[in-house]
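Got a structure here, written out as structure tokens. Questions coming.
For reference, chains read A, B, C and D in written order, and residue numbers begin at 1 within each chain.
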Amino acid sequence: MKKLPLSQMPALYAAMAQGGALYLPVDNAAGDAQFTRWQEGMELSRALNTVRSAKDFFFPQTENLVSFRMQGKTIEIIDPRTEGEDFVLFGVRACDARSFTILDKVFLADPVDSYYKSRREHGTVVTLACTRPEETCFCQSFGIDPADPEGDAACWLTEDALYITARTAKGEALLARLDGLLEDADPAPVEAQKAQTAAILAKLPLAQFTTRSFGGDVLMKAFDSPKWASLSEACLGCGTCTFVCPTCQCYDIRDFDTGHGIQRYRCWDSCMYSDFTKMAHGNPRTSQLERFRQRFMHKLVYFPANNDGEYGCVGCGRCLAKCPISMNIVKVAKALEGDVHE
Amino acid sequence: MQRIGVFVCWCGSNIAATVDVEAVAEALSHEPGVVFSANYQYMCSEAGQNLIKDAIRDHQLTGVVICSCSPRMHEQTFRKTAAAAGLNPYMVEIANIREQCSWIHKDKAAGTEKAIILGRAAVAKVHLNAPLVAGESPVTKRALVIGGGIAGIQTALDIADAGFEVDIVEKEPTIGGKMTQLDKTFPTLDCAACILTPKMVDCAQDERIHIYAYSEVEKVEGFVGNFTVTIKKKARFVDETKCTGCGLCTEKCPQKKVPNLFNLGLDTRRAIYIPFAQAVPKVATIDADYCNMLKNGKCGVCAKVCTAGAIDYKQTDQHIEEKYGAIVVATGYNPIKLDSFEEYAYAQSPDVVTSLEFERLTNAAGPTGGTLLRPSDGKHPHTIVFVQCVGSRDTSGCGKPYCSKICCMYTAKHAMLTRDKYPDTEVYVFYIDVRTPGKNFDEFYRRAVEEYGVHYIKGMVGKVAPQADGTLMVQASDLISNEQLHISADMVVLAAAIEPDKSARPLATMLTASMDTNDFFTEAHPKLRPVESPTAGIFLSGACQGPKDIPETVAQAGAAASKVIGLLSKNKLTGNPCVARSDEMLCNGCSSCEKVCPYGAISYEDKEFRMPNRTVAIRRVAKVNPAVCQGCGACTVACPSGAMDLLGFSNRQIMAEVDAICK
Amino acid sequence: MQSQLIERAKALLADGTVDRVLGWKAGEFAYDMTPALFSSAQELDEGFAYDAFCGANLSKYLVKESRKGGRVLAFLKPCDTYSMNQLLKEHRILRENVYLIGVPCQGKTDVETLRALGITSITAARQEGEDLVVETLYGQRRIPLAEAMAERCKACKGKKHMIYDERIGEEGELENPDRFGQVAALEAMSSEERFAFWRGELSRCIRCNACRNVCPACTCEQCVFDNPASGVDNKAAATSFEENMFHIIRAFHVAGRCTDCGECSRVCPQRIPLHLLNRKFIKDINTFYGEYQAGEEAEGRTPLTAYTEGDVEPSVVYTKGGND
Amino acid sequence: MQVNEGFKPTIVAFCCNWCSYAGADLAGTNRLQYPADVKIIRVPCSCRVNPLFILRAFQRGADGVILCGCHPGDCHYTTGNYYARRRMTLLFSMLDYLGIERERTRVEWVSAAEGVKFAATMNDFVSTVTALGENKRLEDLRCKAN
């Protein structure tokens, strides 16, 4: 365990940004936290979490995959990738840190997504422990301890100091770079903070919420539940839940005609959209009920069934906060619980 | 993928002098889809056209781009060329490299570069062209004329004269309209009845003309060449086929106190009546509002005296459905109501009359037998004040903003005739301007002033005050001498503004013909198509389109007839294939497109759609009638979902041109 | 009020006037009401809610609901009735299949408004007199209701219902708030400042389509932005141009039809003040073509499907507004 | 007006078939010069021009977009330009509101007889847009030539 006094934070940021980029949550024009490329003078947001999750850095909303340059009747294929820049993601919360594990299961499984892999390799994740969880938080339901986050390195902010410890080789390397700034620390204040946070966590409104009844073995029971109709009836079919979600990983691949050629890019897609997975014959899920069900079945049933019981949710609570009609995974899981249990 | 041929024209040196035509042909040969590219001295010459035809056949071209003069010059030529070689004519696009390139640029490099870009845009467009075929529809060879005044009569006579059947729908019991109420006509002073009634008789006697008098149009469906119209024949309670028009019933009817509308209420008639002696059809009509038999079943005198047995108290409205190829609107005008002009005391004094009432008071068939007498006491008036522009050119909101056009001339006529017949009568005319733009009009006006001594005073009448002695005190200002005038008059005659007949507005809705803010029908083009409505197959005749005098009305009536004849003489109509088309899968049925369509080409239907899971949904969707659509494209932008597109100028085609130009 | 609505809904269900009820359903917390259908007295008792957090405009749901057969009761706040009229004007709702009850509204708040005021971790909320008392995980907060109101309610057009079959509560009055102050402030900026402002706002857009999908004026069977055949479709903004284009066209397509209900701004997860785009069009329409309020009537033309011969020329744009 | 030496703007001119396109032809017939930067797209009526086309032009690299139609009251289709006038007024006002230079968009009514006006309008518009320089605020970097 190392620490540095809070007065030294700008120096820490500068050191982290050395030789690459540092991204950290900074308040934007709307007053919300947003991962922003650090520049001299920027301060860490005091908000609990960012509106957009940290997944953008490994799986950006749009990404050019390949370009075709056309001249007259000739076509040239161009790989737009350049040698990526190393970067540090600082201030990632425990929930988002776990989301990378989930995304890895998708993108790093065979066949490996080389675009994702390259970004993953270039990034070092420095997490920050939560001290003031909010009512929408339920990461503990997935075995995440927000007071003791994962990541390449983990941090704790106390009133006077930042405590930091490395958890992986990448983390060790980062700490080695920061060595001049850090001093050895007694972990007692960190342990005290963990205990304090644990007490708050126990009192959260969703502290008892669990998804344990879901998984591959209740597939048909969950799928056939009559509750989907009423749960989905108010759904607007927008992509808010999907796009603020740290674990949603679906994308579409499209061509953009630039006038000089084609850029083939991928962009986030949402299973809530009516043209999701649309094929030549049309869309396999023709109603909003089916699309809505797909999203929650994927997170609660299909994903754990295929990934050793790991749910496709980390309990960050973004969808609870942002859904325009306040329908979310918690309401869905609670409503279905009876049907999958019986 | 299209197989496109590019043909670059030199136009002698017109293009070749400032555009390197070979370079253009060479550059365009590398565009995707271009399989043939050539340049030639005169593409529009026979040899040039043969070059195109040969290339279409030899290279199996599916699209053709001609880089040449303006499409306004030779688009039709090249479309015919393509068609002659078996290619759909709408697979041809023109890049205008003469008027819009070679002629305006001196620098050959710049001109060449621009010509290539314009050519590329045309190539990009042709890639998205699809063969278009103009639709055809049959023509019902029968016309409908709505309104039986002089406009409608003249139109009907002219159409019938060309050999087509034509129906006149007139809401009054007789045709003839306003002109039957007039005494003399300016500037020749011939009697209105003498020149009109022979035409009315012609209508009645022409076998090709059918008159639906006392009838109204109730419903119009269909489109140019194919209208279906429902006509309501109002109950006259007299069998038209039996009535001989002897008029005995109109003398024996005990109900004598019915205001005589033909004389504008200046006298009375019976409950059963024939509006005037020369009425066509000359058939009696029972006024149900006054007939004792119809109101309370007590009377039956007319039935008793009618030897022809024509009276039928049980008659009801009849609905007749007819098909027409063309419709002429001739709904005419009315003087405005003068209730809101209190300053002229129209409502207070019977001696303040409108000009049309004055016509009746001077007409030999009018209530006074043609002797000019004051309505209040039947005495001869010695001083008459005419007030011009009552409600015309009035932006105060009480009247109409426009000039009613006919008042200057008929007031001069009234003034002159009064002075002629009653030289002891002083006549004053108050005016804003005197407008006499017509053949012999100014001469006529000057005669009124110079020969007949009519006092023309430029100025406004401020107030007409009825006096205890029965005279009318007219307060007015003389703007030229800048004096206030007080004239003690026996009569005041108001030149009321004229407005379209009230029946015109609902009729316009039925016809989807547009109107201006004053409820005059709008013409398809104010200069070049003055007798056509923007809605195909609807034509305009007379004052329904704007204020007009009789010669103008008759001229327009003839013009409308000639347009109708032109239409009816075709066996089928070939449309412009570049029309709007609605993608019903995308249509919301919101009616935005319908609202901006100037032609009424868009209608809606509730259509069943097969939805997922064997369900059916009924959705309201727009339908474009290609025979009516003129292809302006207003609907395509009004449509938020992009359901409406324009063939030949589709969204994708225009965007492809934009892309090609901007890249 | 809530119990009054429930009783009325029960009565209308019982007498067969309607066979389902569209309203709001209570959620996990104090603030997360979800629009929901109720088809029995029991369901109403279990979940129906109506309070200061019931902000969702229910009118758009009737596009589908009115076509499902039977008759649906919908509770509409005054501002929702404007949307209702506009939808009727566009033939999107089958009037005979809906039964409308106008419900009173004193203005709504929502959790994002409270969060913007620094009130987070909310576990409960209640009205006490003129105040909103909010319990949070970290203590109690009390703020005047007027301050807690959403921006759209501070600029409320009035409490008068434009259409209803019956109304609960007194007839409200039209108000004349200053709706265009923020727009005017932007107009007064230089072109560069406006560009910087809007880039700052629109660059946050994640293209979730919440603004579009919630909008009662956006009821297209398929949006041009979702239709590959339109040539302008896109699923995510790859460049700043696409961010601008989506929002310009979104606002343009509802110009003259937008009732200023404010749902777009309410649902934006990135808190982009989208209503400032719609209100710009409303302000321009009022200035150029005379006062017009979409949704006042269920018939007639909208400003973009109408014209007068004396309309201002587009060059008016060069001569008005802006310091530059 | 400042001159932006060496910069050749890309200008798209949408012209209605009946008046303005004919006016452009007349300008050519009379050999009235205007810069080759102007490229005309023929549309049946000014009311055919969708705001999407104008944004599209800027996206693809236009520096200025001008729409020409019949004079109000003279529309071949009677009312098309009245609708176009409202649409463009609102669109241009919105672009200005978003901080896009308002001089980059214009509407002019040019009749078939106004060849002189057409050329003068284009000369003026090109010099205005040239002075503004390249369109940066409504560009799409992907469409820039590479």
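One rule holds for everything that comes next: contacts are C-beta pairs under 8 Å (C-beta built on N, C-alpha and C of every residue); 3 or more make two chains touch, one makes a residue touch a chain.
Keep in mind that this is a model prediction, so the values were computed, not measured.
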Sorted by label, the chains bordering both subunit B and subunit D are A, C
The larger set of C-beta contacts, choosing between A-B and C-D, lies at C-D
Distance from subunit D to subunit C - Cα centre to Cα centre, in angstrom = 36
Here the gap between subunit A and subunit B, centre to centre from mean Cα coordinates and rounded to Å, is 68
Chain centres from averaged Cα atoms put subunit A and subunit D apart, in whole Å, by 46
With chain centres defined as C-alpha means, what is the inter-centre distance between subunit B and subunit C in Å?
-> 44
Residues of subunit D that touch two or more other chains: which are they?
-> 51-52, 56, 60-61, 73, 79, 83, 87, 142-143, 145
Subunit C: positions in contact with at least two other chains = 222, 224, 232, 238, 304-306, 308-309
Could you list the positions in subunit B whose residues touch two or more of the other chains?
-> 596, 638, 651, 655, 659, 662-663
For the protein chains shown, what form does their contact graph take: line, ring, star, complete or other?
-> complete
Residues on subunit C engaged by subunit B in the complex (per definition of touch) = 67, 89-92, 219-224, 227, 229-232, 253-254, 301-302, 304-306, 308-309
Complex contacts: residues of subunit B adjacent to subunit D = 70-73, 96, 98-101, 103-107, 110-111, 113-114, 117-118, 121, 514, 522, 524-526, 534, 578, 596, 598, 630-634, 636-638, 646, 649, 651, 654-655, 657-659, 661-663
Subunit D-touching residues of subunit C, taken from the complex the two chains share = 183, 186-187, 191-199, 224, 232, 238-239, 241-242, 244-245, 248-249, 251-252, 255, 277, 280-281, 284-285, 288-289, 303-309, 311-318, 321-322
Footprint of subunit C on subunit B - complex, ascending = 517, 585-592, 595-596, 604, 617-620, 638, 640-643, 651-652, 655
Of all residues in subunit A, those that touch subunit D in their complex = 69, 256, 258-260, 263
